[in-house]
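Going in written order, the chains are labelled A, B and C, and every chain counts its residues from 1.
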Amino acid sequence: MVERTPILNLFTHLILFLGFVFCIAPFAIVVIAASHSLKEVNDVPMSLLPGSDFWVNLQTAWTTADLGPKLFNSFVMAAGVAAGKVIVSALTAFSIVYFRYRGRTLIFWLIFVTLMLPLEVRIVPTYAVVANVLSPYQAILDVTGLSWLIEKISGVEVSLNLGLLNSYTGLIMPLVATATGTFLYRQFFLTVPDELTEAARMDGAGALRFFVDILLPLSRTNMAALGTIMFLWAWNQYLWPLLITTDASHATAVTELKQLIPNVGGMPEWHIAMAGTLIVMLPPLIVVVAMQRWFVRGLIATEK
Amino acid sequence: MEKRVTFSRSTIGILFAVPQLLLIFTFFYWPAGQAVYWSLTLQQPWGGGNIWVGLDNFRSILSNADYWHSISASLVFAAISTGLAMVIALVLAALTDRQLAGSRLYRVVLIWPYGIAAPALAMAFRFILAPEAGFMAVVNRFWPGLWDPGLDGVAAMASIIVAFSWKYVGYNFIFFLAAFQAIPRSLIEAAAMDGAGVVRRFRDIQFPLITPTIFFLLVINITESFQDSFGIVDIMTAGGPANATNLMVYKIYSDGFKGFDYSGAAAQSIILMLLIIVLTIFQFRFIERRVHYR
Amino acid sequence: MASITIRDVKKSYAKAQVVHGVNLDIASGEFVVILGPSGCGKSTLLRMIAGLEEISDGTIAIDGKVVNKLEPRERGCAMVFQNYALYPHMSVAQNIGYSLKVAGVAAAQRNQRIQAVARILELEHLLDRKPAALSGGQRQRVAMGRAMIREPKVFLFDEPLSNLDAKLRVQMRSEIRKLHRRLGATSVFVTHDQVEAMTLADRLVVMNGGRVEQVGTPAEIYGRPASRFVASFVGAPAMNILEGVVALDGISLLEGSRRLPMPRAGLPVGTKVAMGIRPEAVRMVDPGAAGAVEATVDFVEELGAGRVVYVDLDGASFSVVTSESAHPAPGSTIGLKFSPSDMHFFSSETGARLDFFVASLPEPVV
C-alpha cells in the first residue's frame, strides 16, 4: 500500500527493536555469564564481553548435575509423550468421529472435561495412583466385594500392586492422559470430505483400512504439529517429574536444574548455573527454531 | 458438527477409544475423585486409614490467613503478569503485522521464549535479577538495599512476574499475530480506501476483530499463571520471602509433599479446580462470540 | 469526475515483473473494462490506480495530477472488492457510512446520506443488519453503497460480480450500468468474464501477460481483434484458427491439404501465419454445394436457441454456430461456407494482426 508514515514507521522499528532486545537479552546474558570465570561473573557490573571459560563451565555443569543421563531421560519422556499423544489421540478421534454407538456422546464429554483440569491442580491424588497404578482397580474390586469373593473361592488375597514411581511409564502415562490432541484430530477429521469415505468404501476399504491408508496419511501435518508441541510441553514439565522421580537416576534435565542453584555463602557459582541452564534450554530452543512452522501451527490448533 | 458418513452402527468403533479411556480413567477421573474424597477426610500420610470429617478441611483452610494470603498473591500475580504479557504482545504483534522491513526476523525471534521451560528461564532471571551479582546489583550499588528479592516480598513478586511475562509474551504474540493475519487483507485495504490511516484502522477494524482472541488469551494466561508459575516460584523464590510468592499451586505442593498434609492439599486442589472450571466456562461464552463474526 | 492517464506503468515484485509498461487514457465519465485471464496483471493495474500497490515505474495521473506518491485516501477513488470486504463487526449503515465518519462528517448529515444511498440501492430495511446476515446480492449492494456514498471521482471495481450466481450476476450487471448512467463517474472495472466486459464497457482493454493487447469499443475488439490472443480470448465459442504457410501462389493451410489463393501482401514465402474465423461467421451448407468446404461432424452441443457443431476439417477441429433447424448426425459429412471478409490473419510468430484482403475460400489442393 502506498503510505507515507515516516514517524509511525520509526516508532514501529523502535518498539520492535526494543521487543527484540527484551526477548533476546536473557538468552544472551545466559550465554555470556556461562563463559565467565567465577570472579568475572560476580563482577558488578558483569562484563558483557564473553569470557574464555565457556567450555570449561559447560563441562563442570554437565558433570555436577550429571546432565548426560538426565537429558536422555528428558528425551525419552518427551518423545514418549509426543508419540503416545499422536497415536492415542488419533485412535480416539477416529472412534468418536467415524462411528455411531451408544455412549459416544458420553465418551466425548468424558474426554472433553479433561481439557479443563491440568495435572498441576490434581498432583496429590495422581501421585498416589502412580505409586500403585492398579489401586483404582483394587479399590473397585474391594468395594464391589469381588476381592472378598475371590479370596473366599481361591484362598488368594487379591493385592494388585504395580508401582510406577521412578519409571519412564510413570513419567509418561499421566502426561498422555489429556484431551489436547484428540480435539485437534477431531477438528481435522471433520473437515475430511464425506465423499472420500464413500469412495474408500466403494473401493472396498473397511474402517481400519480407511484409517490406516487414508486418514493417517492425510493427517501427517497435524501429526507433525501435535508431535512438536507435545514434545516441547513434555520436555518442559517440571512439577510432575519432580514428584515421581525420587530416585536421581530417573530425574529429568529440567528438574535437575535445581541442583545448580548457587549455595548461599561464598561466591555464588552463577557461571556454572548459567552453563547448566543453557544446556537445558537448548534442546527445546532447537526444536522451536527448526520446527517453527509446526510449532506455531500446533499451538494454535491445539488451543482452539 | 457431525459426520454424515460413518462406518457402522456397531460398537466395534468404541475399541479405538479404549486406550484413551483407560488412561483418563486411571490418571484423571480416579485421582480427581480421590481428591474430592481426601478433601472430605483426614488422610494419614503413608496410608494408615482416614477419618471422615465432612467439610472440616475446607473450613480449616478457608479460615487460615496463609491460605487467603496465597490466593491474593496468586491473583496479584495473575493480574499483573497477564496484563503485562498481553499488552506487550499485542503491541508487538500489531507492529509486526505492519510488515515493514525486518518483520520476518521479529516473527521468528519473538516466539522463542515460549519454548523455554519455566524453571530454566527462572534460573536465568534469578541470575539477572540477583541482588549481589548480575544486573540489579548495579542498581544496588547506587541505592544500596533497594533491590533484594530474598528479603523484600514486593521485589520477589516483581521477579516472578517478570520471568513469567517474558515467557508468555512469546505465547501471546503467536496468537495475536495469527489473529491479525487472519483478518482479510481486503478489509484493511477497504478501510484505507475509506480514508482511515494506520492508527484509525487499528482502532476501528483490527482491534474489534481480534477481541475474541483477547478474551481467549485472557483466560489461558490466567489459567497458566496458576500452573506454569510453579517452576518459576520453585526456582526463584521457593514461595518466600515470608510467603510473599507462595502461589496456590506451590502451596498445594509444599503442604502436600513437604508438610504431608494430604487432606489440606486435596481441599486446596478442589478449590483451584473450581476456580479454573469457572474460568473455562467463562471462556466458552466468548468462544461463541468468536463464531459470531463469521 | 476525472480522467485517468496511465504512462509506461510497470510493476515488479522481488522475483517477477507482472506489469510491463502499460499506457492508457481513460476519459472523464467513461466506463472502461479491463479484461484478461487470471494473472494477466489487470487487478494489479487497478490496485495501482487505487494506491493499494506501489507503482514500480511510470506514472498514473488522475485529472492531470500525478498520484504515484499519494495515499489511497488522497486519490478520490472508491473501490468495490471482489469479496466485498465488508467490515463484519459493523452494521450495514456503519459499513456504508464509515468513510464519512473517518472524514469527520457530523452524525446527522451522515445518516441523511446513508439513507439516500440506501434508498437508491434498496437497502433501507437492512441498515441495522450485520453483513453475516445478508445474502450475496445484498452484500454486493452494500459494497456498492460504501463506494457511492463518498461521491468519488473514480469508481474502481475488482471483479465484483464473480462471487454471485449467474442470475444475480446478470441483474447486478444491469444495475451497475444504470448507476453509471445516473452518476456519470469515471469507472474502471476489472473482470475475466468476457460477457460482463462486452455488456458493461464503453471501452474495453484486453490484457495478457502484463501487457495491453488491445484497447477499443466492444464491437471493435470483437470485429477486428488486434492479436491472435484477443481473437481467441474474446468470443464464445472461441475463434477457429487454422495454421498456414505463405506459398508462392497464396497461403497453404492444414499442412498443405488446402490452399488459399490470395495476394501475398509482401510476406516472404515460408512465413507462418494463422487464419481465424469466428464460429458464428461459418455457414453450414449441403456437402458438395458450390464453394463449400467439406468436413466430418464430430459432435453437436445443443444450446437451446441454436447449436454448436464441432467438425473435423482435414484433421483440424473446427466449430460452427448455427441457429438453423438442421441437426447433423455425428459422422456425417457437411459443407461449410464462409465469406473471405470474415477471415482474420495473424502472424504465427508475434501473434499480431496481418491485414490483407482475401478474395476466395480455401480450396483443396489437387
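Note that a contact is a pair of C-beta atoms (placed from the backbone, for glycine too) under 8 Å apart; a residue touches a chain by one contact, two chains touch by 3 or more.
All values reported here derive from a predicted model rather than from experimental measurement.
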| item | value |
| --- | --- |
| Chain pair, A-C or A-B, that carries the greater number of C-beta contacts | A-B |
| From chain A, the most remote chain by mean C-alpha position | C |
| Between chain A and chain C, centroid-to-centroid distance (C-alpha), Å | 57 |
| Inter-chain centre distance, chain A versus chain B - centres from mean C-alpha coordinates, in Å | 16 |
| Chain B, residues touching no fewer than two other chains | 189, 192, 197 |
| Residues of chain C whose C-beta touches two or more other chains | 51-52, 71-72 |
| Multi-partner residues of chain A (at least 2 other chains) | 1, 3 |
| Partner chain B, residues of chain C touching it in the complex | 50-52, 71-73, 77-79, 81-83, 85-89, 98-99, 102-103, 132, 146, 150 |
| Contact set on chain B toward chain C in their complex | 184, 186-187, 189-197, 200, 204-205, 208-209, 292-294 |
| Interface residues, chain A side, partner chain C - complex | 1-4 |
| For the chain B and chain A complex, residues of the former touching the latter | 1, 3-17, 19-21, 23-32, 34-35, 38, 88, 91-92, 95-96, 98, 100, 102-103, 105-106, 108-121, 123-128, 130, 132-135, 137-138, 141, 166, 169-171, 174-175, 178, 189, 192, 197-199, 216, 220, 223, 226-227, 230-231, 234-235, 249, 252-253, 256-257, 262, 265-266, 269, 272-273, 276-277, 280 |
| Of chain C, residues touching chain A in the complex | 51-54, 68-72 |
